[in-house]
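Just so it is clear, A, B and C label the chains in written order, and each chain counts residues from 1 on its own.
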């Protein structure tokens, strides 16, 4: 199934409208191109809805919020909903400031999202409305472990039920859930947290995978998470072989996302259904 | 002649003022430094004209437009015209939204450009005033082929006559034209469309090449297009030799733009005069 | 001592709030992660003070100024001062436009900085209030040489006395001074000026090193400058070994900043006390 999902991205070249932060925007654009999609970044309220109309997916990322772009996010989101497009939310730093938390809630109120992807602290903020985030990284106290895995899965399913969105909580252990079913994925490598943008890139890939496979949101999200995780494992190996470190790793990560094959996935994926 | 043009960039270190999008701005800065120029990015209306004054070239790119920066573009462009500086327009996504198309027309009305560089769909939008763009990539139906080459050359010459700017239409086949003469260039590699920024970088390089060779705009633009195309070919070879993919390619592309030699150009350029 | 300083960054993971330019912001984020810190970029006035509160260091960089973010810089800076946090100023292009020079002065008036880092032209602008900058690069006429070294050290000490900040003037020869003591550092490689962001990245690293070593600002700044300089030397060697150029160099530079060891520093640092 993952084979078909990836192939659909490459053959359909979904156009993805990104209203995203200026820190990792170049990585998001490059990773969208690498996986077979086509990115367009447009954050002005005077074109947001129009640009969304020509796309099949919308990626909203609140990593560097400002008042000007919040309005554009809402306008684009409403238009995407109207047209039945894929919409993905990345609530970067929700919980770290009132502006981010409030904006995330406003976006959830105004827009129906197909998928919400964040780290555990960000996703908890959306659920609890309280501030638990440690900047843009997950709080150590929040981290998903074998001990709290069951509880976190239940929480993800419940949040999915509440929001009607597939919930992707990513970190060392990833949970991808709708209200009935959850996948636990253990691909990836710790070095992924030593570069910026792995989360933002994943959100972009999810938007592309879902836009090319709109009837299989849960499966497409799972495939995207496995793809980036495996690319991280491959990139780490190649980084070691070439005596590089984090910046070399980042280059190979994007390379491998583009090169991902069915065989790599069949041989490398570490997924459980819960 | 290309030898002298490239050498002038390296020896004059032209200072290029860029009002450009936040997606590829880092690549544009790095490629300007690589080719021997010096970039300065400044998009606030309170400094746009002043910054332009200390530069010799102005690169205006509408990739992530917003109301605030449109005014700065016009103010900088008028000042550059007043001082006789090189001005280059990259109408990213013209045709994809009313804001982009209208802004491109407004810029053309207010500013006299030395060079306009875009893909075929963007350039057609400037000519026709109608929306034909597929996001920021060229429409398949617009693509330049042997069959429509003559017609496209005529169109480029006519647009050059109308705008007084050298027209650079880039893609698999590139056309560089003024009202009397056109070059058809077939350097480059298809993988260049799998990374973001090859167009934006090329526009920056054109600004640098023209600013260092202001009496030879057509030839300098041709040289810049050949340089990036050849760098793309070399980068693809090295990418394959190191088993990399798109992100590795992008690194080598910028490397080779900086390393471009006369010999590479003499041996590798594929240019015809029409 | 440098050993302990670097180790404190890696073990404390200081959270650094960056209000910085959109040209090099991705490099700054990646280099902060590479050296062991954690970055958060937030430039909206509605969250600037709150984000600063959860961090231990604030990096203010005026590389792409606009009216909206200047207010956020001041609000964040005042909050950081109130909380006794590390504050670092990078006056990119001070002297190149009235907006930049005036803003730098306004920031110096409203905020007490722990460290100010710039090239010699930028730092002179802060001292003289006059425009001497050549875009964002140092003027050739300003460059530090053996002939003007003593004079420049005196000037740095005097500016430190006036501002109460450690002054870091960086270029081929670096001067790190407080009002009583100056270090002259000669690490680094000329190729560092052929990529964008080495200055911005260094300012970020200084913020991280000082935030993890708040009682040793002068020593932490010195360590950061040596670390980046040495990483530049190592990266140049590896670049040559792999037949790369500036873009390859940039990747290795970030790699080596993350990999810096005590041994590399003990063996490679070129520091004099003046």
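Keep this in mind: a contact is a pair of C-beta atoms (placed from the backbone, for glycine too) under 8 Å apart; a residue touches a chain by one contact, two chains touch by 3 or more.
If you're wondering where the values come from, they're calculated on a predicted model, not measured in any experiment.
Between subunit A and subunit C, the least number of touch steps comes to 1.
Overlaying subunit A on subunit B by C-alpha atoms takes a rotation of 120 degrees, rounded in steps of 5.
We define each chain's centre as the mean of its Cα atoms; on that basis subunit B and subunit C are separated by 33 Å.
Residue positions 22, 26, 250-251 of subunit A each touch two or more of the other chains. Interface residues of subunit B, counted against subunit C in their complex, comprise 15, 22, 25-26, 29-30, 33-34, 38-44, 46-47, 50-51, 54-55, 68, 250-256, 258-259.
Every residue of subunit C that touches subunit B in the complex is listed here, in rising order: 21-24, 26-27, 63-67, 93, 96-100, 134-137, 193-197, 244-248, 250-251.
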